[in-house]
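These notes concern the structure reproduced below.
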Amino acid sequence: MSAFKELTKGIYDQNPVFKQALGLCPTLAVSNSVENGLGMGLAATFVLVCSNVIISLIRKLVPAKIRIPVYIVVIASFVTIVDYSMNGLFHELHKSLGLFIPLIVVNCIILGRAEAFAGKNNIFLSLLDGIGMGLGFTLALVLLGTIREILGNGSFLGIPVIGASFKPVLIMILPPGAFLSIGFVMGFFNWIENRKSN
Amino acid sequence: MGFLTKRSFSGGIHPPSSKNATKNSAIITCPLPSTVVIPVSQHIGAPSKPIVEVGAAVKTGDLLTEPGGFISVPVHASISGTVKAIEPRPHPLGNDVLSIVIESDEKDEWNSSIGPQKDYLQLDKQEKIRRIRDAGIAGMGGATFPTHVKLSPPGDKPIDTFLLNGAECEPYLTSDHRLMLEQPKKIILGMQIIVSILGAQNAGIGVENNKPDAIKVLRKTIADLGLPYKVYSLPVKYPQGAEKQLIVAVTKRAVPAGGLPMDVGCVVQNVGTAMAVYEAVAEKKPLVERVVTVTGKGVKNPQNVLARIGTPYSALLEFCGGLEDNVGKIIMGGPMMGLAQASLEIPVIKGTSGLLILDEKFSKKPQEITCISCARCVDVCPMKLVPTILAKKVKYNIFDSLEKDNVLDCIECGSCAYVCPSQINLVHYIKYGKHQVMKARKKAG
Amino acid sequence: MKDVLKIGGILLAITVIAAAALSGVYSVTKPLIEDAKQKEQDAALTVALAGADTSGIYKVENEEYVYYEGFTERERQNLIGYAFITSKYGYSSDIVTMVGVDTAGTIIGIKVLSQQETPGLGTRIAEKAYGETKTWVQKQFEGKTAMGCAVDKDGGSIISITGATISSRAVTNSVVDGYKKFNEFITKK
Amino acid sequence: MEKKLFVSSSPHITDRESVAKIMFTVIAALVPAGIGGVYFFGPKALWVILVSVLASVATEAVIQILMKKPVTVGDGSAILTGILLAFTISVQVPLWIPAVGAFFAIAVGKQVFGGLGFNPMNPALLGRAFLLASWPDYMIRFDLARPRGGHLAGIPINIDGITEATPLNVFRQLRDIYSNTTEFTGVQPDVHQQIDTLTSSYTSIKNLFIGDVGGCIGETSALLLLAGAAFLMYKRYIGWKIPFGYIGTVALLSWIFGGKTDLFSGNILFFVFSGGLILGAFYMATDMVTSPVTFRGRILFGIGCGVITVLIRQVGGYPEGVCYSILLMNLTVPLLDRWNRPKVFGKVKK
């Protein structure tokens, strides 16, 4: 397995949201605008990369029995760091992401990668895996955020992109819109896969 | 809901009776066919074993086979002549079955032991049952379960009620109706024999109230003979003639799910069977002929025909004026539960209550579309099943929970498929589901 | 036994490291966070107490109540009014507003501090309509007597947002409630 | 044998009912209410209905062609969905609203799940819920909805902010004023009186029954809807269990909780004939695909719809809850059917 593959697999082939259906809770909750999606995605990526590296680093020191508590401690620490920093540096964004920043702790992508990858591979590969998966998650959030913001608010990153005559489809930035768009995007990817395999 | 206050059952349908074509035509005897084909298995249970050889000369009523077990009955020569062949031939059930082919000598000489027997009522129970078995009688309503078995209930199931089934709820069929009108005495006397065998305190005949003439005749005959039997006039509803539905309608007793009528102290027999029982016990006459209703748009002269067992459909239909050009489907039995036949060379057997010939227009079934969950099948199911769910499970090959859904209680009456607006043949799916469940049961031992 | 000690030791070590790292981060970000919060509050106060000097706004704080006094001069000259924070549950969240009133009880300015109402409906209380310079709350409340505010559905003069009557009413009633509380306190004093 | 015989399994006759026949009969039963809608709300109502029907049929046909499935628009189900959708929206919407709603109803509400028979929720109601969530400002505008001069007695003259003049809206607003007791807003002296006139005066109830009040195109006339429903019940296309379970529950709970403040003082007639209850109970809750098939299941389904409707009407954020209550209960149908299988003939309780 080449290092390049480890980096890129998370973006499409093993995309955490669309292919593995991991981390759906924050995906559904904060993909109502591109900005939120991007902020959440980058915050999670930061935690993912850092925790992957640290866990890979200490993987041989940690007995199997207590690995999960140790992973959680590591992840929770990074999440708290992100939480504090965002609160200080990007106060508005932090407010709109609200509870979902602390909830990165229980995001199954991060614990999942720690358990499935970082706990078994060296630091370099774990770093690449974290970056890849984090990017995949961020891309998924941005994609959903784009769809939902454009349809539901007529804007992209807060800038109106469709003329004033367009009446935004409000439901798209409401919770049902998250389910609708994630369903259709997943369906679209499945359709592509089906066509590929036929 | 009060469905028990009327003499009926819950669910059911009202298909057009379509009986007018033949209900007033008296039974006429079909001329002897040149050959008869007599399958060794015309009943439910083990096939009987041939005891004659090719080339043997037989007289009408001669024994051709011996029973293959307790749940089995013999078959008899229905004409006199020579055994031409003993080979598999097409059977009404669809497959080829070992059959004894007799070529007629056109003399129709009867076995000499057949004739009126004195004091037959005084015979002991075992002798009566033996005569019934030896005569080869199997339920003539269509189910063809050996009659002697039904009349020998195990000792722990006391029978207090005997019911004669004259409901004839299947559309088109009139053979039982005509029999009740023309042979009421034999039917009632046959009933008397059965009651004497069972020792039942109550006995009655259930007849749908669209046959008032039959009800009148039966009541008069019973009165003339001085017997205590009742005639129940039942509302017209399909499947009124199904055993469990008949029992609940008359006695208000519900046969337990998975159980038999004897579990509630009842035995039910068809009117034709009662007459055959009379002839077997009082005349030692084996079951070699029966009344067949030949009807439907596809036949020129619909009528009720007394035909020898083994008469090929072709001979029977020729006697009824032949087929119309637009024939689409030939059904043994009624339109609801009858079996579509593939060939005209198939013979009449003991359970052939009718031959229904549908024209092309009625034969083709419309394309099945998806179920819209209208629940009409649930409303009409006389067994209170949920046919739509059963059929869906079968369709998607989910068999493991079918037994828990009581699929085995289905009586295959066809009411669900009759009312289905999506033209789904629910019975077909459910039959297949039952088959799978039985297979799994066998595997599990 | 030894195993337990070893496991416990590792766990302890890791938590100690994590705690140390966190306390470091905390000490760095704490001033930043407070700064950001302060800025936010200042921004709200400039809206609520429009006309007061930015450095002439003073927090009045005691055990039970907090409010702000606004002056046109830095040295507590020319009191123009007071600001207080009030909140009420709307359609799906607490709607927190900063309300500024003059000494007669007329609303000077108002700003929604936080809310999580339905996007596109309830959130419009804090948004500017197309081509407007003021948010809905500013437009509706500024210049009105705080005590008499009521939405149109209740017979008042606050024009509620179509489809977001609940949010509109919650803001309106919270302004009234908040003013009532403030008034009680100030008269007691 | 020169002729081929058909061989198929029994039964060999059917009662010649078909899905198309059922659908078109239901459509026929809705025609009076449709004509009523056009009469009460003006010719634009007809356009709304037409656009909705055309969009439904076109969506279904196009999707089926794209998916290379047989095109089944002839069975009438898409037409029915279009009509029902149009009946549940206000006449004041721009015409693209019914078109988009019908597209969503058929595409997402029905074809995504595999077409007729597989949709878990009533497509028309799903379409309406989508429209209501997406463009609430259009969907709840009923201020011009009474061009024929019909009216509700008791609409307060001194409240000029009322733009949502459906009976339930007016009731909710009046009651909110009544129960909103801050001393600053104050209870207006005649609100009490107005509520009584609104909910129990002869004029109000009569107009509600005939349909001469504000509301969605096809939902206002209880009279015309009931006429169609009676026809469908006579034809046995709809049963009594769901509609009566539903309306009975709403009537009972409205009587208990529908008063101003006291229990057991609500006016049943007002709550039964207001809003979309009659339309929902007889034509939408009874949708065959999305309602239970079992006897007890259907009764419970009706009761569940009733409870949720009253809950939404009395304490929820919307004045009317028929749409959401039916959609929510639609989702419980598989469970209801699983838990309420009829007792098989002859089954003895153990």
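In this document, chain identifiers A, B, C and D correspond to the written order of the chains, with residue numbering beginning at 1 in each.
What we mean here is this: contacts are C-beta pairs under 8 Å (C-beta built on N, C-alpha and C of every residue); 3 or more make two chains touch, one makes a residue touch a chain.
Since we're looking at a predicted model, the values are computed, not measured.
Using CA-based centroids throughout, the chain positioned farthest away from subunit A is B. Here the spacing of subunit C and subunit D, counted between their Cα centres, is 42 Å. A separation of 86 Å divides the Cα centre of subunit B from that of subunit C.
With centres taken as mean Cα positions, subunit B sits 70 Å from subunit A. Between the CA-based centres of subunit B and subunit D the separation comes to 50 Å, rounded to the whole angstrom. Residue positions of subunit A touching 2 or more other chains, listed in rising order: 168, 170, 174.
In subunit B, no position touches at least two other chains. Shown for subunit C are the residues that touch two or more other chains, namely 120-121. Pairs of chains in mutual contact: A-C, A-D, B-D, C-D. Residue ranges of subunit D in contact with subunit C, taken from their complex: 136-137, 140-141, 158-163, 173, 176-177, 180, 182, 184-185, 188, 317. Subunit A makes touch with subunit C in their complex at residues 32, 58, 61-63, 65-66, 69-70, 73-74, 76-77, 80-81, 84-85, 87-89, 91, 95, 98, 152-153, 164, 168, 170, 173-174. Those residues of subunit C that touch subunit D in the shared complex are 91, 120-121, 147-156, 159-160, 162-163, 166, 169, 173, 176-177, 180.
The touching residues of subunit A, counted against subunit D in their complex, run 167-172, 174, 176, 180.
For subunit D in complex with subunit A, the residues that touch the partner chain are 108, 130, 133-136, 138.
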